[in-house]
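Notes for the one structure printed next.
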Amino acid sequence: METFLQVLLSGATMGCIYAFVALGFTLTIAAAGVVNFAYSEWVTFGSYFGVTFAVILGWPLWLALGASIAGCIAIGWLFQLFVFTPLEGRHFLTSVSATIGIALAMQALVTLLWGPYPLTLPTFFGSSAVQIGTISVFPHNLLIIALAVLIIGGLQLALTRTSIGLRLQATAQDPMAARLMGIPVRRMRTLAYCLSAGIAGLSGFLVAPLFVVTNTMGFGLMLKGFAATIVGGWGSLKGAVYGGLLVGLIEALGAAYISSEYKELIAFAMIIVVLLVRPRGLFPERIAEKL
Amino acid sequence: MKLLTVLSAAALALGAVSAQAQSDITLGMVVGTTGAFAGGEAPLVNGVKLAVEDVNAKGGVGGRKLKLVIEDTGSEQTGAVNAYNRILAQKPVAIMDTTVSGFVLSQLGAIEDEGVPTFTGAATAQIALDKKGVANLFRVRTSDSLVPGAATRFAARNLQAKRIGVLRVNNEYGAGWRSAIEGALAEMGMKPAIVESYEGADRDLTPQLLRIKEANVDALIVAGDPPNHVVAVQQIRQLGLNAKVIMSNSGVLPTTLRLYQGGAADGFYGTVDSLPAANPAHKAWADRYKAAFNVDADYSAAEYYDGVMMLADAIAKAGEKPADIVKALRALKDRAGVGNTYTYADKGDGGQTVAIGEIKGGRLELAAQVK
Amino acid sequence: MVELLSVRDVGKTFGGLKALDGVSFGLAKGEVLGLVGPNGSGKSTMINVLSGVYRPDGGDVRLDGRSLVGAKPSAIAAAGLSRTFQNLQIFGGLSVRENVLVGRDCRLRSGMLGGVFGLGGSLREEREAKSLAADLLEKVGLARFVDAPPSMLSYGQRRLLEVARALAADPKVLMLDEPCAGQSQAEADALAVLIRALAKTGIAVIVIEHNMRFVMNLVDRIVALNFGRKIAEGTPEAIRGDEAVIEAYLGRRGHAERR
Amino acid sequence: MLSVDKLCVGYGEADVLHDVTLRVGEGEIVAVLGANGAGKTTLLAALSGLIPARAGEAMFDGRSLVGAAAERIVGWGLSHVPQGRRIFPGLSVMENLVVARTAATDRAEGGFAAAVAEAEELFPRLNERRDQLGWSLSGGEQQMLAVARALVARPKMILLDEPSLGLAPMIVETMFSTILEIRRREKVGMLVVEQNAEQALRVADRVYVMELGRIVLEGPADEVARDPAIERAYLGA
Amino acid sequence: MRGAGNRYVFWAVALAAALAAPLALTNNYQLGVAHQALIFALLATGYNLLLGFTGLVSFGHIALFAIGAYASAILVVTFGAPFLVGVGAAAIIAGLVGVVIAMPALRIKGHYLTLLTLALGEVIRLLIRSMESLTHGSQGFSGIPRPEIFGMSFRAGVPLYYLLLFALVLGVAFVWRIEATRYGRAFKAVRDSEIGAEVCGVRTDHVKVLAFGVSAVFAGVAGSLYAHTMRFISPEFFSLGLTITLLAMVLIGGRGTVIGPIVGAILLISLPEWLRFVKDYYLILFGLAIWLCAIALPDGLAGAAARLLQARNSVRGRASLRT
């Protein structure tokens, strides 16, 4: 039981991180059908921004967090101009290859800008664990889970309760009809891109203390995020969150109760099973196919 | 296909450019300056640069200066083969090669065929450099057939551990450590209490550490890359695992030591080939290094430095023909360098020293000199 | 009448909506049948059921006495029932000739390796298929475009290409889903001539078309659908005077007069 | 209020509309009739800015619609109820209305709340379904919601594309009665594109008949209703 | 017919250039790059049958490449089989696994297929890693000899170049031939309109399985050649990153064309080498080049060239039709 709870906690933490990544990944898909394989580098830049502001410049952590998010949003803005807008409406593979190219360039840029050595970022609450009952809890993990609940919940509220959120949803669901409602589709998409980038900045800042900041840290994360995106259901925000949690938990439980050697194998096998049972993901979008 | 001819013409033109500096001796270096291994291999470049400076400051070799040419592996296998071949095309007198074992294994054909003296820090026991090894390949580090064994014996003898666990990364490096540890334990009539593995990209080791905790180990040997060690240390602390921990080399590199937050790794051990603190020559060299590059030196940089110095001596003694250089190097016995002591007399495994360091106050101090 | 194709009580429901509700009709060899009805009346659903794209919820479809219900579309095509699409399904990456040859695929026998190495009569088979394709393209008036990509064709010509492609399978029944959409009057007239000629050779043709002038002048018999039900069946003249049909299209006459 | 002169529109290489000229006055209901493929939907899409015109002019309330972006045209008081309703499937009925809110909604007396109340008075069914998601509505309910969405924007004129498409006759009749009711209450003009000639003729003041992208007949509704040409356009003769 | 004539001339010139290339490839570095380019051109040509011809986006193709490499290495090194047996077995085993992968893939479409194949590929790679007794696990498999056929050794760079070129020419000829058969048409028909193809009588499931199988055979042969060229293979090499590189080769070259994947493979293998003159910035330039290609040439280089030619021909064609 003790082990189970402990594993559950760590699996949930990773799940929340995957959910963040999947969410950011899905936002651009939902808003304009653009797949962003450079998302790994967005997150990486978020981490490096955090190190730059908090460690190199010595700003307070919360200020550095804000600045990292802002930095990533600036990247998102540039992507909107030079990558996403030209890709809207193109084949999914075109956006894959274009964003992979940018990702390669960004990864090389990281080494040039920040040097080759790994870096790290302190947490808000130090590095020692707190004992709660029989399980030990790392405050930073709790922060990640709490922020995930807060941000994902807040985003859910913003998307469903505010008029701008509803307009964003409307743009995603039917851009043509959205224009007829007077919704500025271009600006809504930019908003979605910036949201996606903001999430990357936040995720980058949050994972930095857990992950050690290196130029290749984002790739594995994005792979899991990508899997979560599809397992959840292509383009479904809700699916992304549940998909992320699912992948995180399967990994942790598989490693704890079956074998750490075969942990990855179990995770991928589970993905295969999920897809065979639900060929359109856990939360398929309800759009009728027409012939 | 036309493209291919254009490409080769372009490459040819590039090759011609490098031929201009006739009077210099070209020393090649193949490392990852980009990609996943850039961090791990940057110190090697520094070490070699320092050595080239030192050699040239003394007037070079036989009146000719050493010129360093670095090619990037891109931290990829094919990139490593291409980089090695690129250097060969520039007719180097010798090549300081990557520490990534898989890459060296892929280059092995070219290394053997061309016969250019090549130094590597790849420690894997798989590159057989014992008596039958590749004649012109010289290991400047202590082989992984020795280091994990030393760590294991240190755990069993010095730390009096009865139950020894292994947590290793699931790649070629971790696999080498695992089998060497099992071998060393078997010699002492023991078996590992538990062996757990993780992927190089994993950042949550909770399930593995809980199993290790349940296995009740006295000592845990952790093998992996710097980020893996940082994550492992952090989570070992958080989960309250009460075992002595011995980390593989990359866990105690100066650039890794900076990453442990709030003294988290204090009291943990790590393997090194040598420690500046334990060797005055090494210490003096490390101070110079720090002054030059504003980062603490690690022993592998010192070993690559030694490699260049041994090479310079060999050229001075035997001339620039590859076969002659190899022959001269093969005569070395117990040659003391700053980072290790080298014997190439009957094998390519030059380095022999292993030390165990203990982290105290964020710095590494000598706990035991094994050889 | 000897029925080549017989449709009995076919029903199909989409999420509670009855797209087809117990529709029955028959078709004889060499007959041209018009399937009409306002938008959303179930015409396209019927064609999709007949060609195996949708599986009917109930009822039976028989071709030459053999039931087609549950068969894959490719098997139905091989059995002798070919169709065209309202939303064109042209293979944009193939040439015009190759598009027609894909229609022939279910009649070809050579295997992959045989084809690649030209063994086992595969070269002869390919040659014959090509000459058949050329004939068909000649027939629909696209002969000069054989090697062109379909993107060179006008919308109306692409419809003709689909007709040629459907004919390449030697069908017993040919179903044309809005063949006139996007065609000029002259093209439509030529198509009518072609359809009559095909019928003379014994092929049965089902035509779905909004252009009523075209349908009325072409077909032997009309089946009219509305809200998934058959509301009338008969000769074009009879249908034109049929109150139920006029109401389906124009609404109730009485209301218009009232104003 | 809306005047269209010699408008030409096309996709790719094909021209769909040729020299279309029509007028809709303030508070007037005008129907455009014609068989499938006549170009009616294209006409509306061109007016609301979804596809660019190739030649000609279209003026609404003193502003040129040619070259204007769709999202701005709504703000000028011209709402378009597209074919197939285009309800946002993942939004509830109420959310669909929220999204349709414009500056004009807020300027009008009572603001958004009043606009919704009025729409729900016209379509009481929408009130019952307030929290139901768009995709789960029946065709008739979707059509009601589409019209309600347009009304919430407080338009001066509505472009209505095939309001009867795929609906049961009873619902169609209600729909058209509501159209008259809307005009009576809100004094908005309407340009209705319809296949269902009878219903359109019932509510329209004037009618244009289109065939193959051209206007072939125009006049007051009762005159056109008696013209045999209309039957020909549909049933062929 | 002029177009077809031009095509023969083009391929003849390309082949002649490829045959003459070793004259210009003066050292082992250039030959080594050429070896890799040829192997990846073969791999990409097979992948293109799946991705470009049939329109099935598989992210698990590298696993088949790995299977080919390991099958051949194990047979030749562990069991002492001749090289040709190794290649043949690699082709057959990879082909069979390709067919097995195709089975679940039939039910699943679009992006879900992408993830399914990615997961299947990773499972295969991880299985290879865990079968330590056969594959030496994560340690990697070293000591693979260069090819030897009937006592003829391909140890040196130039003979090996011709062997690899021969394999590529065979592969390209196969694809070229298949394009002219009912299967080539069926592949493309499934890609352009699956429902259209099915209704035309094409057994689309059968066609998809065939596409998976044939492209897997290509991957198997390429894998075997890779193993015997590089002489060392490890599970880490056959990672998702390589899948993405392969994908980029086909996309940038131009999917659905015969020449596209070859151009793409040569470009992606050699471009980073050309760009080395900018030193540390070469990967940045390389990445930006890929981005620019994707944005500016959605059909890849071959697609863009084809469109250019077509535009010229259609101007001519229209002029002649008018008369």
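Letters A, B, C, D and E name the chains as they come in the text, with residue numbers starting at 1 for each one.
One rule holds for everything that comes next: contacts are C-beta pairs under 8 Å (C-beta built on N, C-alpha and C of every residue); 3 or more make two chains touch, one makes a residue touch a chain.
Quick caveat, the model's predicted, so the values are computed rather than measured.
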{"item": "Steps needed, at fewest, to go from chain B to chain E via touching chains", "value": "1"}
{"item": "Smallest number of contact steps required from chain D to reach chain E", "value": "2"}
{"item": "Per Cα centroids, the chain farthest from chain D", "value": "B"}
{"item": "Relative to chain C, chain with the most remote C-alpha centre", "value": "B"}
{"item": "Selected interface, A-B versus A-D, where C-beta contact pairs are more numerous", "value": "A-B"}
{"item": "Interchain centroid distance [CA atoms averaged], chain A/chain C, Å", "value": "49"}
{"item": "Distance between the centres, which are taken as Cα means, of chain E and chain C, whole angstrom", "value": "40"}
{"item": "Rounded Å distance, chain B centre to chain C centre (Cα mean)", "value": "72"}
{"item": "Gap in Å, rounded to a whole number, between the CA centres of chain D and chain C", "value": "34"}
{"item": "Chain A, residues touching no fewer than two other chains", "value": "107-108, 111, 219, 261, 264, 291"}
{"item": "Touching two or more other chains - residue numbers and ranges from chain B", "value": "33-34, 170"}
{"item": "Chain E partner contacts - residues on chain A that touch it in the complex", "value": "37, 83, 86-87, 90-109, 111-112, 219, 223, 226-227, 230-231, 234, 261-262, 264-265, 268-269, 271-272, 275-276, 279-281, 291"}
{"item": "Chain B partner contacts - residues on chain A that touch it in the complex", "value": "3, 6-7, 9-11, 13-14, 107-108, 111, 115-120, 122-123, 126-129, 136, 138, 207, 209-212, 214-217, 219-220, 251-253, 255-256, 260-261, 263-264"}
{"item": "Touching residues (chain side chain E, partner chain A) in the complex", "value": "57, 104, 107-112, 114-116, 118-120, 122-123, 126-127, 130, 195, 240-241, 244, 247-248, 251-252, 255, 280-295, 298"}
{"item": "Sites on chain E touched by chain B in the complex", "value": "13-15, 17-18, 20-21, 24-30, 32-34, 36-37, 129, 137-140, 142, 146, 230-232, 234, 236-237, 262-263, 266-267, 269-270, 272-274, 276-277, 280, 282-283"}
{"item": "Residues of chain D that touch chain C when the two form their complex", "value": "13-14, 35-37, 165-166, 168-169, 172, 195-199, 201-202, 221-222, 225, 231, 234-237"}
